[in-house]
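Letters A, B, C and D mark the chains in the order given here, with residues in each chain numbered from 1 onward.
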Amino acid sequence: MLNEHLRMGMVGGGQGAFIGDVHRLAARLDGKISLVSGVFSRDPENSRATGQMLGLSPSRCYATYEDMMHGEAALPADERMNFVSIVTPNHMHLPVAKAALEAGFHVLSDKPATLDLAEARALRDLVRQTGLTYGLTHTYLGYPLVETARSIIAEGGIGKVRKVFVEYIQGWLSQPVDNKQADWRTDPARSGPSGCMGDIGTHAHNLAEFVTGNVMTHVAADLSVFVDGRRLDDDGSALFRMQGGVKGVLSASQICVGKENSLSIRVYGETGGLEWDQEEPNTLIRTYLDRPTEILRAGQGYLPASAQTGFRTPPGHPEGYIEAFANVYLDFARALNEGRASTTGVEAAVRGMAFVEALVESSKNNAAWTEIGS
Amino acid sequence: MLNEHLRMGMVGGGQGAFIGDVHRLAARLDGKISLVSGVFSRDPENSRATGQMLGLSPSRCYATYEDMMHGEAALPADERMNFVSIVTPNHMHLPVAKAALEAGFHVLSDKPATLDLAEARALRDLVRQTGLTYGLTHTYLGYPLVETARSIIAEGGIGKVRKVFVEYIQGWLSQPVDNKQADWRTDPARSGPSGCMGDIGTHAHNLAEFVTGNVMTHVAADLSVFVDGRRLDDDGSALFRMQGGVKGVLSASQICVGKENSLSIRVYGETGGLEWDQEEPNTLIRTYLDRPTEILRAGQGYLPASAQTGFRTPPGHPEGYIEAFANVYLDFARALNEGRASTTGVEAAVRGMAFVEALVESSKNNAAWTEIGS
Amino acid sequence: MLNEHLRMGMVGGGQGAFIGDVHRLAARLDGKISLVSGVFSRDPENSRATGQMLGLSPSRCYATYEDMMHGEAALPADERMNFVSIVTPNHMHLPVAKAALEAGFHVLSDKPATLDLAEARALRDLVRQTGLTYGLTHTYLGYPLVETARSIIAEGGIGKVRKVFVEYIQGWLSQPVDNKQADWRTDPARSGPSGCMGDIGTHAHNLAEFVTGNVMTHVAADLSVFVDGRRLDDDGSALFRMQGGVKGVLSASQICVGKENSLSIRVYGETGGLEWDQEEPNTLIRTYLDRPTEILRAGQGYLPASAQTGFRTPPGHPEGYIEAFANVYLDFARALNEGRASTTGVEAAVRGMAFVEALVESSKNNAAWTEIGS
Amino acid sequence: MLNEHLRMGMVGGGQGAFIGDVHRLAARLDGKISLVSGVFSRDPENSRATGQMLGLSPSRCYATYEDMMHGEAALPADERMNFVSIVTPNHMHLPVAKAALEAGFHVLSDKPATLDLAEARALRDLVRQTGLTYGLTHTYLGYPLVETARSIIAEGGIGKVRKVFVEYIQGWLSQPVDNKQADWRTDPARSGPSGCMGDIGTHAHNLAEFVTGNVMTHVAADLSVFVDGRRLDDDGSALFRMQGGVKGVLSASQICVGKENSLSIRVYGETGGLEWDQEEPNTLIRTYLDRPTEILRAGQGYLPASAQTGFRTPPGHPEGYIEAFANVYLDFARALNEGRASTTGVEAAVRGMAFVEALVESSKNNAAWTEIGS
């Protein structure tokens, strides 16, 4: 049985990687999870230095993730890591997850879960087979006002959902970019069949499904490469349909000059609407048929009970991305402690990859409506 | 030759019609145009009462638009109206425009220009044949910051345009609505082949073409009817392509609960971006690759010369929809005085109708990419 | 008895003057008021040219305001002007108003009403004596959401008022400015004992009294001259007290670089608050003790009845400064037609001047609390 | 010599106290500081339970702060705490700081530093005498865009500063409140001579001095008690003057219904301005004489070098209050490692208390200009 305080091993996240640091900040924030072991880089020097910087015992800084699984499994139950956090480039997500699950460790993986749909299905089989908990860090679900939106819709607060606008636009790939971050994200071998859509479009897809509680079923898409020489889409838009007659538009782009990390969702139902923007995450706009629009704010007592655990400070003390990420870690930790599935698990992983493949297919096929597999 | 001060006749806009009042406010604001004649309603009583309220001479309140064309043509040149303003429901736009042009009067028409593309082409032929000036009141082009955006892009200020997001969403048809405004807008016989797209989607289309200076060539669309029993689309979204490799997304909806009149456009080029929202029309956001985002404001000396004539007050004194509409009237008046075409003329009219027909076709045809005719 | 349609004479507002044009746009917008006579400048050439441009009959373009009063008084009742609009520099407000009232004409004056408090009291006496209607164009009261705020507070919607923040800041006098507008505004002989406070601080004072329904009684002030060589304050702030235990802060400045015309008010009572900003005039923010903050919007049916007449277009069609100004003209016209006082009349004129004098006195007197006379 | 990784003891912050948790989150976030000892409450049960929850060794959970100082001092140098974090109610700040300094421990204290000015001066003497580092957690200085503002002004980016508006308003004390937080904050014995001004006005004062680089010298103030029965001010406003001819207005209030934690500052100089709002902390508005206003954003490369260390994530990943607080802890940790003073130290502590006393005096003395002592 797991203790409340959890021990984490990490694969990936050596010096120079952005997302590894963020995972560690998030895991550390609430004092419930300790990093105890790691393989931070393929470069042993980088890995060792990172481990030292993080105060890890040298004996638990492993050379390969296979070593780590064996090494940790050999430790006493009350010492060995409880779960593995995977923060490598996309193509390594599945191999590491597989090794971890096979060695009996729960997995919390950066997204997308795998390189492609076939891999995601294989992962799903393995998770089901092992009975272990698999979580995917769809960070944006960790914001309390995203949970608020979900809860309001689930309770019928805007009536039957009709139309969804979801968008994730950035500008950092507007020009040819030559750095580690951009490098693997635009390489099909390490990033999968899509660049922008795999990287950020999947967040938009996941957010739309989470907030509405509906599964996206079809897309009609147009993916683009705007920067010469780039091998994967750096922009794309899709019309989509969800179960229950919901229609929508999803855009993701990394060539919108000047945009930072603009993920937003707007949902309109028969009797109301909700609007949320990740860059102002502590605010949720709620619209009505015949009443003034409302501004719902993080930390307030009028938020639904399920959103009350998502903040650490009173209203007006902004919490942000790291806190949302920490909420995803807390949710995963609670899932382990309670023996339940993580909020975003392997089913969402499969749907995300199926979504990407459907986009690519529709875009090649004259924008034809294309079913999202499962 | 026309005088600077112009005399206007009006068809449509009797009591109970919203848009007629707005046309009159706009025409009156700058003191350059006088209303001298009219047929305000099919109902003679309403028409006479409206004319009286407006201080028209009873002799120039006509029973039918045909009477008006004859009656005015019979007046001395320095008395008769210079142009006709058409503010009827859509299905009457062409018949009245035709009668006016054939009687030798310039025409300024509410949009859409006609019921369908065939009519629009017929109108184009007639305008070319008569050599008269035809203008379409695409109000939103009258905002000085829309002109600013157009000018910045034309001057290369954001580099080659890549991606456009344009959207026009409202909420007033979220529920079954039973009034004069909603009535004809949802009746195919009076509104044409599309409801929402014909009514407001055409504004979005027009705005995208005006701001970018590019012609939209293809759409992949999904039109919807969300309210039971409605006969025309009340919502729709389309992927689109423009000349020059530009891609975009256009949405129009009248079922977004709580949205008022939210027309917005965002354009991203190789080196910058521009964002404008009709509900905050005095602000234009300009983004850069490596510099802070800027807030451009109406009335400021740093705006391009072509935008300097569009405001009447110093910065910080908000001007709005009526002033933008008045700018459209002023532009038309200047066009007449200068013997040039109106900024939005019969070519835009044809493209608007072709756009609507392409949307309808694509939506019926599995969202297939569909060429916009001309 | 006055007709609904009114005839206006104007004093001031020749070519090169900003505010004259605005008054004319405002008076013209709704088609209820016609300009029939004027003295637009001390320079007869400018005056004649302005009159001609405006289409006035040459016989009603007068050389002096005294001539105008006599000339108009001599015309038949159904031809002569109904009222005089005064748009001169401040020092001429009283002489012209006096002449008009003595000749039997109602007066609508730009603000401040007079050069100083003594003049304002003299004006009050004259208005009372003649029984004529005197109005002051405190433009900002013309916004429907200002009326909404007033109405909500009057109905007890925020409980007993406690604290008011009111502020009017601009940047256009941040540097030495050499033009006609700046010239008289910084000249004590033409502007009165205060520059910035007389010019725009009085708007803030008026707005605070109108919205709260309370009279301001005391100030503790600090006026400043920041630009070398300027003879009148270009900035100032004051603590203030109102009847009923209300406390507040008022700031006015013309040296806040980059600010355009930023007039805002925030009022907090025992159970709620209201916030309004002139640069986004179609929105009113309403706060509550334990409920989400609301965004009230112009044109909506949920606004109080008294605000429903203040807009001409549906929600989301922004109306601005000219429309607010036109509302002030309409209010004055209705006052004449109904034989009642204008919303902002001679009492407000006296209070405004008393406010300025109290500020000047307190500022010279170690910020001591100083009573505002009456 | 101190190691990079620091060991912290804490006094205060038992279960039910808000600010203790925040200090711990902030100290923990970056993995550079460990909590090793504590006295969390006067109630030994609460203290022990808090220590256990935090994973402290029972031997280092002390009964009194005196015990803690002795106990820790007796430990080996590489085990004992490096500094004490004080998070008690105000009246205990000095006694604990004194004990810590006398025992040879550096101190990081929640603000205000002491109950009154006399105490603050005594503290200053002691700090000077011991040569130890004393820091005050003026959290808001930890935001990178506050540092950006300071840096721009220090570099002359807005010219000589003229006018400052600084404001800190909340609504949580609008009604009589009966909880632990409100209790001591409104009790003179535990909170000092001022309630609202001592609690949050001091943040506004500190922010104004930090951003402008000027010392505030005089105030003319009006403090209020709006809620019946409250013994300390719950609202206040002051005119102020700073060295160098700067003038300003400072307001602090806890009765502004619906406001959460609205701390904002606006500074205008001869050639530009800066505006920042704690509730949108990742944005800084910069105004110019003749150029568009700019939006500066956290994480961007164009920010000054001194602000580049203040964020952990790329632009568009909002960081908030906890991260700002963590920056204050990091600054203190760096100060210890570098043997320099903390950014906000004992001089700021004295000025803060002198500011409060001057406000109280001026408010009692007819708003007379009152010098702030030192």
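Note that in this section a contact is a pair of C-beta atoms (placed from the backbone, for glycine too) under 8 Å apart; a residue touches a chain by one contact, two chains touch by 3 or more.
Just so it is clear, the model here is predicted, and its values are computed rather than measured.
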Centroid-based (C-alpha) most distant chain relative to chain C: A
Answer with same or different: of all residue numbers used at the interface between chain A and chain D, are over half used by both copies? same
Rounded to the nearest whole Å, what is the centre-to-centre distance of chain B and chain D, using the mean of the C-alpha atoms as each centre? 55
Any idea how many Å lie between the Cα centroids of chain A and chain D? 35
Could you put a whole-Å number on the gap between the CA centroids of chain A and chain B? 43
Show the residues in chain C shared as contacts by 2 or more other chains, in ascending order. 259, 293, 297
Any idea which chain B residues touch chain A in the complex? 158, 162-163, 165, 167, 171, 174-175, 220-222, 224, 226, 235, 237-239, 241, 247-249, 251, 253, 255-259, 266, 268-273, 287-289, 293, 366-369
Chain A to chain D touching residues, read off their complex: 5, 18, 21-22, 24-25, 28-31, 54-55, 170, 172, 259-262, 278-282, 297, 299, 312-323
Looking at the complex, which residues from chain D come into contact with chain B? 286, 290-297, 300-302
